[in-house]
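Both complexes shown next keep subunit A, but they swap its partner, so subunit B is in the first and subunit C is in the second.
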Partner chain A sequence: MGAALLRRLAQGALVVLFVVATCFTLIRLAPGDPFFRALDEGSVPAEVRSAQLARFGYDRPIPEQFVRYVGNVVRGDFGWSHSRGQPVGAAIAAALPATLLLVGTAGLLAFVGGVSVGAWTGWHADRSLSRGLDRLAMLLLSIPDYLLALLAVMGPALAWGLFPVGGARTEFGPTGLLGVVDRLHHLALPVLALALPIAAVVMRLQHAAMREVREAAFIRTARANGVRETRIRWRHALRNALVPVLSYGGVQFAAALSGVVVIERIFAWPGMGRLLYEGVLSRDYPLIAGGVLVGAIGTVLGTMCADLALRWADPRQRGA
Partner chain B sequence: MNGAPRSRELGARLGAAFLALVGLAALAAPWLTAHAPTTQLDPVALAWQPPSAAHWLGTDSYSRDVWSRLLFGARATMGIALLAVTVSLTLGTLVGALAALAPRWIDTLLMRATDALLAIPRLLLLLLVVAGAGTLEVAPLALLLGATGWMTTARVVRQESSRLLATPHLEGARALGVPSGRLLTRHLLPSLLPTLAVAATAAFAAAVPLESGLSYLGLGVRTPLPSWGNLLADAESQPLAHWWVIVFPTLAIAGTVLAANALASALERRWRR
Partner chain C sequence: MPRCSRFRSAVLLLAALGCGPADRDGGGTVIIASPADTETLLPALRTTVTGRMVTELLFDPLVELGPSLNPFGDAGFEPRLAASWAWDADSLALVMTLDDDAHWHDGQPIVAADVVAGYRVIMDPANGSPIRSEVTDLDSVTARDARTAVLHFKGRTAEPLVTAAAVVPLPAHLVDTIPSGGLATSAFAQQPVGSGRYRLVAREPKARTEFAAVLDHYRGRPGPDRLALVVAPDPATGIAKLWAEEADVWDNLPPTEVAAAGSHPQVRLIRADGWDYTFIAFNYRDPADTSRAHPVLATRAIRQALSHAVDRDQLVRALFDTLARPLLGPFVRAQFTADTTLTPPPFDTTEANRLLDSLGWSTRDRAGIRQRSGRPLRLRALVPAPSANRVRASVLVQEQLRRIGVDLVIEKLEGQAFGAARDAGQFDLVFHGVGTTPSVRGLRTTWASRTPGGQGRLNAGNFRDSLFDASLEAGLSALDPERTRTEIRTAYGRVIDDAAAIWLYEPVQVAGVHRRFLTPAWRSDAWWRTIGEWRLDPAAVRLPRDAAPAAP
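Then we have the complex of A and B:
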């Protein structure tokens, strides 16, 4: 177990390095540089421009820049964000909690909701309610998250005025308990837009798996042995039916992070997605590298958690 | 249990019919509308017209006819998605089949690289390239979508190929000394077709929202050329007052994805085992 975990960690570190190196190279190969807005004017002397590029090391070969960057990160220095005029570490520290809150809540809701609804509909697959729910899930997973977000902004937020249109909290708003309520109020729509399509996929997977497990021989055996029905359903059937859902969850983590970029833009959510989007548009090399680093670590950790859960649910995976 | 398979069959048929309809409408776009999609009919008098007899789906901020933009937008959206699927399917099949046929160390290398690429959020990768290139033409955009989407296909093909290679038919062919290239084209690929059909439909269902999402962000198809995604962006400032500019492209995107998903799940059900 310990050796396997260490090997997974090493693999994960390699993946993070690979991802950051890819993005690091891609953005430097792209036309433009962090100063293209400020220093591309014809009136800026060429010496000033090249001096500024040299000051931050952007005139060096890309591999050298990358090695220097990794060295700096290891020492805890993420560089200077040109577009924000603050250290990248500070920008990330300000944006990360908002995104963790958004993604964490959405992920939890999607998995808990998807698994429990899917388990129920799969177990009672013959009822018309469960067929209807399955069809509803099909519809939900077909609406891209940004369209759900747009519709949410149009309906509940703008037309009915039930929810705030954007932001993570009311500026100069209430504090204390009311402040928490205010934050939850802001959180509701972006979380729903992000969670519903994922929940729908999880639900359908869980539905199919539960339906298959229901007919399995070991369920019949357990029932013949007089195991209580609730125990059969929650311990025997659900645990086995979780396997495909968990292996999906690991793969899907990166895809869910893609959704964050658009959702955060639509709801003006002050998180990592917006940070990255703005960073890419302004070619803020250090900001992009820092954001990608955090995103890659998040993805790898998410995948590893899914793997660990998979080993718990399916002992056959432990040998691998 | 009785009604389910038939209604699923119906869902798949409806899905296929809807996709065919959208495809036909895209091809026949010039004959289905009186206005060119980029013509600004009368920016003063005809901007933001709600749906009417003259303009079935209304007009946008530049007084362009939304119905014609939707029709011609289908060309961009469907065309890009189809090209992207072709690219990703070819790449994914090659990598997956190669991994299954090749010696173990090549297999491990290919699959670990695939997993690593899957760990990069796809939108981020696209954002980096697209924003870097400034503006992308339609064809490079489609190629890019394909080049970033082959990984799931590769995994599925790798899995299915290993399963197929263990079946008597392919084991026999291998034992008879059929060379790898011939084994791939004559024996493996035909058996993979059902899997590939499902993968293609699913990839299509993923490519449509991706393209429209990028275009919505202003990084995909650029106005004045219409695509379903950049139609949405036009009404972003006042979505409620100009609901028709948002609702109809939304229906088109969601309907197409739903149709493709329904078709994919029906195909999968039919060909499983």
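Then we have the complex of A and C:
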């Protein structure tokens, strides 16, 4: 087990290095640079831009820049964010907790809700309520996430005034316990907009898996042995039916870490998705590299956690 | 009041009850929602409009252009850190006497050495200050004594105080210790000590910047106690914050949202002249080899034909309804030098067809596209994808040009890719935009001939005309404002006569402001300059955030 974990960690480190190196190179090959002002803001003369590029070493060959970057990261220096005017480490330290809160809450809601409802509908697949919930999940799946987020802003937030339109807190709002309530109030809509489509996928996966498992031989055997129905359903059936959901969950969590761009943009949520998106638009090389590094580490760790969960859920995986 | 506001009011009321006595009434809190954040907190490093706003809140200049918006001479300027100014006998040295009451936010007095420090930071090439090109008229800045700074000009100029306003003093006791080239990454750049009517309280880049009023400011205590710039990258969300009373200002509402404003009576709309204009620049050089003239567009008659083919009135109505005006030339109507007697080629498809026929583009293929010697009249137009208006305009222009047999191929590119292609001259036509100011020296970068010294940097189409250059320089060096105006208008006429562009539109600015604030006359060029004069309407219902902040 320990050796396998170490092997996975080493593989993960290589994956992270490869992903960062690829993004590091590609963004430098794209038109523009961190000192280029797009559109009509061309007040930075070419010679000033050249001097700035040289000052930060962006005029050096890309492999040389990458080696220097890796060396700096090892020393804990992630570079300077040109678009934010602060160290990249500070920018990530500010954005990562916001995204973890958003993705973590949404993920928890989506998986607890999706697994619970999916397990129930899968077990009772012949009931009309089950079919109705399945169609509702299809509907949620077919609505693009940006549309869901915009509808949330226009309806519950703007038209009905039940939630704030955007941001992470009320400007000059309360502090202390009421400040926490205020933050949760701001968190509600983005979490729902992010959680609902994921919950719909989880529910459908869980529904299909549960439906298949309920006909399995080991369920019939357990029932013949007089095991209680509740124990059969939640202990034997659900544990086996969790395998595909756990595989999906690991990947989805990692993807959501850097993929909540749309939700963060629409709800003005100051997280990693916005950080990376705005970094790419402004060709903020160090910020992009830092964001990709965090995203890649998140993906590797998310996949590893999913594998561990799979080993727990499916003993056959332990020999793999 | 929206229910969300009621919810927040309840939360804030509970908070107030838990904190002891209720706060006294304050000057209010203004929340400015913006799609973009400032790129810097230092005036020497700013490049964008948001950057101008934030740095002007934090730092006072020596002088500031007044509401007349006349940048020529010094009649249109008002004192700021410089309480008064006078010209030395040779008319080349501007002697500025600093205000005795002016202090930095850390309490240190503002002295002439700070003016020198501000100039030195701009001129240090290692700092990469974009303002450097705005002070090329200056030879040096010196301190005559602690309260007197002298700006030495290289020669006579029509806009000396525009130059003086660009030299924003910085606290020498703090910036002189910053090594050359280290300004942008210094601690001072992240937590600057300024001289403006507002000081920095907190900043979360790309999210929010908070300011507090400087109560003992030499220009008097500003009205609002607190300001916050809140970034909403999606404009729909930012404007929704205005409608929901989560923000107090959105300074540029699109036409669709202007129509929706009727449903939000707490927001007052303020209409003002715009300072941006959009046009289609023709490339005078061959995109395949920029050392050669463009094989098609180098001919004036074909540029005129294309100009005649575009119905600008219809285009403006389709895009903006009444919230923009067809552009007259390389200027906006709000500028002191604007000349409304100048007229670009009118919409006339008969004349457009006649011109194209006369140039040999007379046969058409099956799709109706004109040909000459077997070559179709096909042109590539660069369009910036982030500009929704320009993308929509390009589709309308494409259809209008098709009617006279011209095939316009639209190449929509992401911001930086667009800028790179434009600067490299990789286009036939480019949907270009220019942000102007009351000063006309920007014409040097947008329309003057390209020179190694940096002129014509934004002259994307490579328009070159020695008479334009001569008129522009004559205007910018004249000491009589009327003479300057005449010369600049002559320069405008040269660009229009040469059909260097299809002049599309200049949008009108429509700002939305919460009604509980009484605002002075709106400065269309820089509305934030009067924010210190905003007052809470005594008759208006206040929001919880208007309570006076606790003493620091």
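Details
FYI, the second predicted complex is superposed on the first by the 300 of 320 C-alpha atoms of A that agree within 3 Å, B and C clash if a C-alpha of one lies under 4 Å from a C-alpha of the other, contacts with A are read in each partner's own complex, and residues count from 1 in each chain.
Here is the rule we go by: a residue touches a chain if its C-beta (ideal position, glycine included) is under 8 Å from a C-beta of that chain, and two chains touch if they have at least 3 such contacts.
The structure presented is a predicted model; accordingly, all values stated were derived computationally and were not measured.
After superposition on subunit A, the partners subunit B and subunit C are seen to clash. Residue contacts after overlaying the shared chain place A:Ala241 against neither subunit B nor subunit C. Once the two complexes are laid over each other on the shared chain, residue contacts for A:Val191 go to neither subunit B nor subunit C. Taking subunit A as the reference, the larger set of touched residues comes from C, when subunit B and subunit C are compared. When the two structures are aligned on the shared chain, A:Phe163 is found in touch with subunit C, with no touch to subunit B. Look at A:Ala137: by the touch rule set out above, it reaches neither subunit B nor subunit C. When both complexes are overlaid on chain A, the residue A:Val48 reaches subunit C alone and has no touch with subunit B.
Applying the stated contact rule after C-alpha superposition, one finds that A:Gly32 touches each of subunit B and subunit C. Once chain A of one complex is fitted onto chain A of the other, the partner contacts of A:Leu150 extend to both subunit B and subunit C.
Applying the stated contact rule after C-alpha superposition, one finds that A:Asp126 touches subunit B and leaves subunit C untouched.
Once the two complexes are overlaid on the shared chain, A:Ala296 sits against subunit B while remaining clear of subunit C.
In the superposition on chain A, the residues of subunit A touched by subunit B in one structure and by subunit C in the other are 30-32, 150, 153-154, 158, 265, 281, 283. Subunit A meets subunit B in the complex at residues 11, 14-15, 18-19, 22-23, 26-27, 29-32, 125-126, 131, 138-139, 141-144, 146-147, 150-151, 153-154, 158-159, 251, 254-255, 257-259, 261-262, 265, 276-277, 280-281, 283, 288, 292, 295-296, 299-300, 303.
For subunit B in complex with subunit A, the residues that touch the partner chain are 1, 4, 112, 115-116, 118-125, 127-129, 131-134, 152, 205, 209, 212-213, 216-217, 232, 239-240, 243, 246, 250, 253-254, 257-258, 261-262, 265. Subunit C meets subunit A in the complex at residues 2-8, 11-12, 14-15, 18, 29, 31, 39-41, 47-48, 125-126, 128-130, 132-133, 181, 184-185, 189-190, 204-208, 226, 228, 230-234, 236-238, 240-241, 243-244, 246, 276, 384, 386-387, 414-421, 423, 432-435, 445, 454, 457-458, 544-545, 549.
Looking at the complex, you find that subunit A touches subunit C at residues 30-33, 35-49, 51-52, 55, 80-86, 91, 94, 150, 153-154, 157-158, 160-168, 170-176, 178, 181-182, 185, 265-268, 270, 274-275, 278, 281-283.
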